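First chain written, first letter: the chains are A, B, C and D, and each begins at residue 1.
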């Protein structure tokens, strides 16, 4: 089974946008191999526009010449990924990443390059040509590169194209594909998702299939669980408290859909060094407490953990945040986690361990003031437990008269493990 | 804490409609005390229109003379509840029920009798009169008895009236109040719910507060958890497969909101002898398999169990259905239950035991044909368990290569306990 | 044919609210007879709550004792309408008004008094009783007096009640009935409108049937034209520029539905002395230009003209406004009027005379500044006309090179007659 | 003023689809010049895809090579329009049409060819290039040729492109441009409409600007009147009674917006020989009565008249239908026409003559049975007229006791002229 546990890794978007290059990817991979791998971090993912030679920011350039082969399959721009020269694709980079004991991933847009359609290129290992299977009416509204495919009217042709690209990715040694412009495009992308999933399975390689952007529709949960390993549950997530607060709502709705092979995705963790804003600042605007809240929530809901910052610039706090094994344990060893209650000021989540020996409770202070929070174990049928520890501070929490009392910073969290 | 576990009991509506009388209530209570009490069944609830002397069916009669005191508080109609004569109210009947070791409940409509408003009666223990606090624009669209109260404009007066009736119910010995025309009336009934909850708490007696009818809005879950012990999550439920199938959707959405003191309510169980239909048939139209599915789902989601049939007429199957301790155990000893997956033909639910020693899995065949169903334990991280039993048949289920294989009847269910 | 031309008259609401009395009605009637009758003003209408003895403002009092006969038919409160004592009803007042050469009208709420239903009174000249035909679920959301009738389930009974009241009104000599809580209540009041129309026709007297409040739905235009003589096209209209500006939109939509017997109604004209506001001011807040705009628009769309102020207090401007025969001519002699164009600053309407000898054009300055406006006759195919006069100033307007140039005050209007 | 009266002419779409050629256009023009010109028919319009060499049906071919110049301006495909060879464009054909005493029109899609954008062509007489001004996200959902322009973000560049094409059309001698994919695309095409209108005016030639497809939004009536000479009020209209019946609703809503220079457009008249259907039939499926109804309605609302059939194949009925001067008079000489009433079976329209000497009334039988219809002149204030004629049969209609009685075929119409 692919993605038996929630995938953990790194993605280039939050820090490098559409402009990431090979050196930057390697630099991050090396850091992760050295400092984070033993905690479970493994996927190194190159995000959007790696086939665009002139990409230099978070913006997209329309009608540009993309690097592609004679079958309309995109290749890395050699000026940005030198090892890919001579149509070697991502194979050399993937090999390098694998050599570090990590896994390699890429981002793609659904569909085929618009230029491939206008040039009516042949589809590899098939009798189809691009003109017949590209859908001139199916475009992405925020990226100008592709046409979607005629997945229902020209199912065989669309299947041939998707098979052709996933076969290529498998040859390159890709372990993770993030497909964009698709997860919130129900119902018209339903069949396209199915064909992509099929091509992924048929590629002959274990490839994690990740769908973006969100919000994916909650009512399609079963279709998503069947056809993808992870899918975005919100629009792009950045380092703003309002977005983090909003994530609690989505997490509440989606939590029962987490399980081996299928994980609702709360998007990348915007921690450490990110893209520069207008003031030249490139450091996450989240407070340390907010980052603790974010990590706690992602773990309690068993969301994939994909770091978004430039890892080599991590400070001590950031590295500790990402490598706290007491917290990461929740991702692996719990099941059936969900929100317990929510008030104007507080939210609580519960997550029982699969082996029944312990149960986690996270208490979030969503108010703007420091708060004393009281957790009554009997109110949530946890009065059977006699011992509790707080997992961020690694301290014992006392249970008196069935109550645990803690003080929590504004926008902060504590995570209790009852045993 | 009131309703520490999901309430279990009986309600008069499904078999007697608006016309139930004292003899019928007693007859059912006696049966329950004798045959069902030791399984947890305890509440005996008199449903709508007990204050209406001429009620004789499931229909309501507009503009009729209701039995009420000089403070606009409704009293049982003595012709139907003889023990209540001379304004003794439900006290004698409640005493009788208590004497059987059971608890007693009643149904009310929100608001005050229209006649009390038109007569401008005084409110007990206050300086308010009915005319000022009744809201002439707040009516129920399916029952003609009451006006809602001006809970925001005349908060003190509305509080006084609700306090006056809950105080009376406490004096009678009422243990359960089902308030109708309110749970789906958000947002305008928000304040009315709060005042009723407050009156219930202030009554000085432990009274389960149940809100009807559904569907209560999911987005009001936290308000409901704070202000009620149970609330309906669907419109009225009857013995039709379509309604049962629909309940799975609601159960999926609401399951994470179950917990001590607050239980999403899937409505009465229409089992055994019900009201006569046009053909003179009075027996539930559910097949035995459907009844097993219903009981399994209600338990997996920890819904309150309120039997709707005329209990003394129960046949052996019905009684066994209601008193299977292997199944009822799920209501008491699990937490964090939720749906695992759903296809066109199958649904599965999981519910871990609070003590971590076991985990329940229910497999539902929602197709119209007998099915072989396979449950892969590893797919749901249950591969740590080595033993399984089926709880309806009380048989051992074999786990081979991590799989449990079962054959399930159309619309039927099996419930596995992994240990 | 009833209402062959748009009705003109006076209504008590804008100045006296729910509290109007006989002396005030007479005072207005006398003024109208003396000063306005020869311009077409004829209906004198007593608005809401004439059956409520304690009404003393624009507010309604719930659960009060209304004056009614043993058949549940409302009668004037004798303390407010002394001539109605001893159940003579409005006959004496109507006779008085008729004696002045005017016509008499009343306001009613759809349905029957709630008290009549609760008392289950018999219906005059029928075997029905109130309890059977009153609909306990059909109430007005802003007035507490009545229950609507079961017009579909109990059609014969509902017909009997409406016949009984319109027969009474005919006996009283009523010429105009404004039925409230009905015109915007489609679709559920469709049948009620039909029964009221039928009762009106069956009364044996020519009675103008007016439906309120608005907005009546545009898509019901044909039903309204068939079943009423006038119907409100907006919510209540008062002396605020924003409401007047909004009326242009409704007038544009409804204008093609004006015609003999059926007139879209833009509500009363709030001119002169109105109800007191919080500052003690009781004079219309409209500027003189706004009043000219209002009268011009009402006439161009051929809306009924119902003055709302206390007529005896009219100043010279107000009386002239209401009695300008050059303008009132538009109401009577045009057809097929409609909006010609609208910009951010200007609106123009056209209304050809039925006899083809002239054509009216109204130019409205809806900006906040004085404007020079130019009307190109050829652009609107009026270049055949050689002469123009302005009807408010009674002056000649020059046509040069096919253009008419006028200067119009902020929120003001000019009305040109091309001949 | 352009389009001082409602444009009349012919369009190639209904009979030839995307495949029309020069010979066919000439053949129709010659017929019109000979048989219809004296009745006002003048515009000969080449519809969609004249720049596509391989177009051969009513379908569109994606990603095909379109004929265009080095500035991204489309040219007629010389294989279909031989006279346009060597980039002479439509000049020779326009000259030919003009030589017949008629006017020449073309259809365009909003935006620029996708290929022009992908090739980043320069824009004529400007410093802009295609890549900057084409909007990769603005496509037509039913035709694959074009990208819309960045009319707000790159206003100057978009203006330059539109000016460049309308200047070319003026050079060719084009008198009518039908712009497609735009009239129902409010609000995002608002600015594009304004730039196109501006380019049309700036072209230096009187060009009728027609916007398609419908339904254009009624609330944009004033914007449309300012920026176009005609605009479609429904989706494509074909020879089906349901569509014709539906047109009455739209006609009712839009009629007050007809006037010199701006005409709501009810689409082409599908009469005579049209495109072949699956059965090989190419004759209009409208009955003769339905065609009379259509012509009567189009005239009463003063809609543009654009014939859609292959004119040389007209039979006698069709030619008479299109050249009945008694009916066409309504288009030219009336104003302020509108619907009078509508029932389940009947509809009536009125249209007064601008000179006041006569008034038209059309009576439509929308039922499926022959009907006797009675028109009461007094009910519509036409009792001043003493004489009436029926304009399709050219017969006198008698007015007795103020009534005109006529018998009308199913789906048919009579048109009365009162004098």
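In this text, a contact is a pair of C-beta atoms (placed from the backbone, for glycine too) under 8 Å apart; a residue touches a chain by one contact, two chains touch by 3 or more.
Every value quoted in this text rests on a predicted model; they were computed, and no experiment measured them.
Treat each pair of touching chains as one step and give the shortest count from chain B to chain D.
Steps on the shortest route: 2.
Could you pull out the chain whose C-alpha mean position is farthest off from that of chain A?
For chain A, the chain whose C-alpha mean is farthest off is C.
How many angstrom lie between the centres of chain C and chain D, each centre taken as the mean Cα position?
42
CA centre of chain A versus CA centre of chain D: separation in Å?
Computed from C-alpha means, the inter-chain centre distance equals 53 Å.
Give the residues of chain C touching no fewer than two other chains, as numbers and ranges.
Residue numbers touching two or more other chains: none in chain C.
How are the chains arranged in terms of who touches whom: line, ring, star, complete or other?
Looks like a ring, each chain touching just two neighbours.
When you check every pair of chains, which ones turn out to touch?
Here the touching pairs of chains are A-B, A-D, B-C, C-D.
Which positions of chain A touch chain D when the two form their complex?
62-63, 114-115, 117-118, 120, 130-131, 134, 136-137, 139-142, 144
What part of chain C is in contact with chain D in the complex they form?
1, 222, 225, 252, 255-256, 259-261, 335-343, 350, 352-357, 359, 378-382, 384
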